[in-house]
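Pasting the structures here.
Two complexes, one shared chain (subunit A), two partners (subunit B, subunit C).
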Partner chain A sequence: MLKAIAFKEWLKMRWTFLAMVVVCIGMTVNIALDLSHLMTMERPINVWSYVILMQYPFYSSLRYIPLLVGCAIAVAQFVPEVIQSRLKLSLHLPLGENQVLLWMVGYGGCVVAGLLLLEMLAMMVVALAYFPKEVMQSMVLTMAPWFLAGLGGYFLTATIVVEPRWVRRVFLILLAYGFLDALVLRVAITAYTPSLLWFVLLTVLTTIGVVLSGHRFRKGVR
Partner chain B sequence: MEYAVECKNLTHYYGKRLVFENMNFAVRRGSIFGLLGKNGTGKTTTINILNGFLTPAGGQCLVFGEDSRSLSPATKARMGFLIEGHVQYGFMTIKQIERFYAAFFPRWNREPYYELMSKLQVTESQKIATMSCGQRSQVALGLILAQDPDLMVLDDYSMGLDAGYRRLFIDYLTEYARAEGKTIFITSHIIQDLEGLIDDCVIIDYKSVLVTMPISQFQKEFRRYAFSVATPGLKLEKDDVIRNVELIKNHATVYSFKSQQEVEHYLTGKGVAYQHLQESPMSLEDAFIGITGKY
Partner chain C sequence: MKTVRLARIALTVLLTLVLSWVLPHYFWKAFDISIRPPRVSYSPVQNSFLLLRPEAKSVRYVDPAGKEYTREEYERLLPLTNYRQLAASGQMPDSLRGAKLDLKTVQLNNLFLRVMPADIGLPQIPLYPLVESQSGRVRLEMPNDFFRIGRRMEFMDAATNAVQESKSQEFTDTLLARGFAFPARQIAGNPTTRKPFDEGYFVVDANDAVFHIKMVRGKPFCVNTGIPAGLRVRHMFIMEMGLKEFYGMMIAADNSVSLISYDSYRLIRLPLSRYDAATCALFFGGDLFYRTITVQSEGWLETVVTDRAYAVVDTYQESWPTRDESTAGAWAASLFPFTFHLEDEDSALVDFYGQCGKWTALWGMLLFLVLLLISLRLRRKHVRDHLFDLVLVAGTGIFGLLAVHMIPSPEE
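Now for the complex of A and B:
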């Protein structure tokens, strides 16, 4: 059954997923080429000086990409479910009340997390190709909130799409904007590191939203 | 007697608007039950309550003895559900959707599904979204038959279908249900299609239940009488004897569960100067319009 759910979810999101893979690869290659170009045009010592001493975030163009990935995959996955109330088909499957939604959102969350993890690994490789590991570590810490925004964006977008009542949707959009904007607000090296744990906890909390919206959908709230 | 579905004192509101109040009916196992009513009288609302997609304001629905507000996976596996408009996963192909559903139902039998698909001019790799409404209806029906449920809940199966597809749908459904002893709960706008199909019915109107009885009894006991009156402007109120009245100039038609003699006696008692009162036969659709009215 889990395999069948995964199959259905994959059918819905596959083209969006592939588009997001292309975007991620494109952005990573672009950053790598920019660094290579800089190293060639400027002396490497100057580039190191920009990055290490002047804290130039060479990866800043990635700021909104994880958020884009999360939101796009949630839309691809859940909009077809709410059109013509197709979600009723999924909820009518012989599974527990919340089980089917949890499986759907769990699968989507894993896809988003997997893609973002690969993107982070690719960026770590790029960073290590030109800089010492301390630069790579600070890059990871600086980008971590953006990647959390990707996961949070996925869960919150899913919650908003599944939510049956428009008034509540507007409220959720405002709430999501506030939370996600805080995560991608600044490009300051390791600025969020002290509060990273709290952001992780808040992101984990966003996973509950879609279950609550799904429950309201199931109970016929209009 | 064991019932597949029992609705007891079902009441529902949308905001402050009453949809129906204290609706009671029971669906015998192995029977075909029609929920009939005009647009907006609460047919889809009832089906949503039955499937657990709506919490009623009052009363309850039992499906195989289980409260519809929290149906167990085992009970859901025994229910086939056709959503109004034959909604299915349009992003899947004929083959993919069969493969998908097969994973959930232990009694899955793909034969009736592919038998129906073979009658359509489609290929296995065709996406459902690219099919006509009629073809989609057959996909939805084929999936329900393959599921082999004990109870089929079909919400307005006739929506958007031409006469050929409606006939195909009904023929398959009837043959399957009668042969396998399945219970069907059906709603439709096209009342004439249900004639000869359904065993029992409940007819609902805005806010109220008009009739709950076997369809044969309804067709036998519900009668139409036409007569002329000397002067236009006849005023007759609906009551226990006269269930509906239509008046065009000097020609009146009344609908009643009473015999001709009782209606004549009633009219005389009301001082109506009627002439040429005659009972005229009715189809199920005539009877439906007769009891619900044209407006």
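Now for the complex of A and C:
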């Protein structure tokens, strides 16, 4: 049964997922090409100075990409369910209604996390090709909150989409905006180091929100 | 149903926290007040303090007694800081306090250093360029590598992104021979080529000893400065200045501030009593005759003037009402039982900087609790079904009240 649900989720999101893979590859290749172009046109030491001393974040074009990935996959997964009220059918499967929903967001969350993890690994490879490990470490710490925003964005978008009443949706959107905005602030590199763990804990709070929306959806709140 | 309740609790708690930084943020965006501290200078002409007071639309030039000056009078009383303007208008005096003034001497002796709380603990990538300090060229030139000091001193070549083995080994051997204990705890320098000359880096080793490391004609230069390890360096600022009186400034763990002098690294301790590196800005100004050191924090400043031997000549203090003491501050302290802000002007880091409200916030919290009870009554809900809401609002006031109304309860 769980396998079947996973397959159904995959069918819904595969094209969006593919689009997001293309976006991630495109962004990464673009950053790698930018760096290689810079290294050819400038003296390498000047590029290093720019990145290390002036703290130029060569990866800053990725700031909102994880958020885009999270939101897009949640929309692809839950909008079809809501529009045709198909979710009600899913919730009648011989599994607890919460279990079905949790399995759905669990599967989607893993897909988002997996893609983001691959993206992070790809960026680490790019960074290590041109810079010492210290630069790569600072890049990972700087991008970590953006990637966290991608995961939080996924779970909160799912919660917002499934919620049946528009007024409540607006409130949830405000919550999502307030929380996710805090993860993509324009601040110094590695600035989130002291608070990252707290933000991870707060992101955990977003994971089961969809259960509340799903409960209201099933009850037919209008 | 249990999971649904849990989901609601998770979302409500998250929203409460988000509101506790979003609401105060917008509150202060709407009601913030501008506080403009004065700039304190010491006139070598009349041996007294002069204040530049920025106001909403103008600037006032006054002395501590309140006497007003015009801008021109103010500049003539501070000829050393305003020498360019005075020279341009032909008003620069030929001599002052028995010393002949020429522009070059004035310029050489004018110093300015500023240390803001956010400068300390500023995120950095621990890689540094080591400039050749005696190349024989007029201008300093960037090397082709950056170094790190971990288990040894390693130079990374930018073109190949690989360790330069022989150079790394040579520097590591010299450091070891001078008694350096790897790894480095702190590396302070002025990594730019836009300076008159290069003094390399001051490095705190694993035993808290401070070493001076630079490169002279391609060879490593490394000496133990003898700065006592017991001081425990909190931060160092190195800045090459033509006057060559000191290498830079050192702030110790006990908030004492010293200059590292060119006289075999002897420390010159600045006569400051209220300085705290976490919350105070430090302005250090020097001219031909005096050193003017200002410590400024929220609501107060203290300026100490010393002679060139760092003996205190005069002091000036001033305080002003802070934002928290304003009417808006009183409202905020009653409205919000606590607040968070993610960005702080005293730090470059994002963190949950918390602040507690005043005891008046208790009335606010009581009010919001009553509002919750009224709201429950109007919606014909039982209090016993909403114990979580009750506890949340009792503990977080307005944030909780808004959150429990924005996130629907499962029973709705």
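Here is the rule we go by: the second predicted complex is superposed on the first by the 221 of 222 C-alpha atoms of A that agree within 3 Å, B and C clash if a C-alpha of one lies under 4 Å from a C-alpha of the other, contacts with A are read in each partner's own complex, and residues count from 1 in each chain.
Criterion: contacts are C-beta pairs under 8 Å (C-beta built on N, C-alpha and C of every residue); 3 or more make two chains touch, one makes a residue touch a chain.
Note that the structure is predicted; figures quoted are calculated from it, not measured.
Enquirer: Regarding the shared-chain residue A:218, is it in contact with subunit B (first), subunit C (second), both, or neither?
Expert: The first partner, subunit B, only.
Enquirer: Taking the superposition as given, does A:15 touch the first partner, subunit B, the second, subunit C, both, or neither?
Expert: neither
Enquirer: Check whether subunit B or subunit C contacts more residues of subunit A in the superposed model.
Expert: Residues of subunit A touched, subunit B against subunit C: more for C.
Enquirer: Taking the superposition as given, does A:131 touch the first partner, subunit B, the second, subunit C, both, or neither?
Expert: In the superposition, A:131 touches subunit C alone.
Enquirer: For A:95, decide between first (touching subunit B), second (touching subunit C), both and neither.
Expert: First partner only, subunit B.
Enquirer: Once the shared chain is lined up, is A:86 touching subunit B (first), subunit C (second), both, or neither of them?
Expert: First partner only, subunit B.
Enquirer: With both complexes superposed on chain A, which partner does A:7 reach: first (subunit B), second (subunit C), both or neither?
Expert: In the superposition, A:7 touches subunit B alone.
Enquirer: Name, in rising order, each residue of subunit C that touches subunit A in their complex.
Expert: My answer: residues 3-4, 6-8, 10-11, 13-15, 17-19, 21-22, 122-123, 125-127, 129, 142-146, 148, 156, 158-159, 161, 191-192, 342-343, 348-352, 406-408, 410, 412.
Enquirer: Enumerate the contact residues on subunit B facing subunit A in the complex.
Expert: For this pair, the touching residues of subunit B are 14, 48-49, 51-55, 70, 73-74, 76-77, 79, 81, 83, 85, 87-92, 96, 99-101, 103-105.
Enquirer: Where on subunit A does subunit C make contact in their complex?
Expert: For subunit A paired with subunit C, touching residues are 43-49, 51-53, 55, 98, 102, 129-132, 134-135, 138, 145, 159, 165, 168, 171-172, 174-175, 178-179, 182, 185, 187-195, 198, 202, 205-212, 215-216, 221.
Enquirer: State the interface residues of subunit A toward subunit B in the complex, per the touch definition above.
Expert: 1, 3-4, 7-8, 11-12, 80, 84-86, 88-89, 91-97, 218-220, 222
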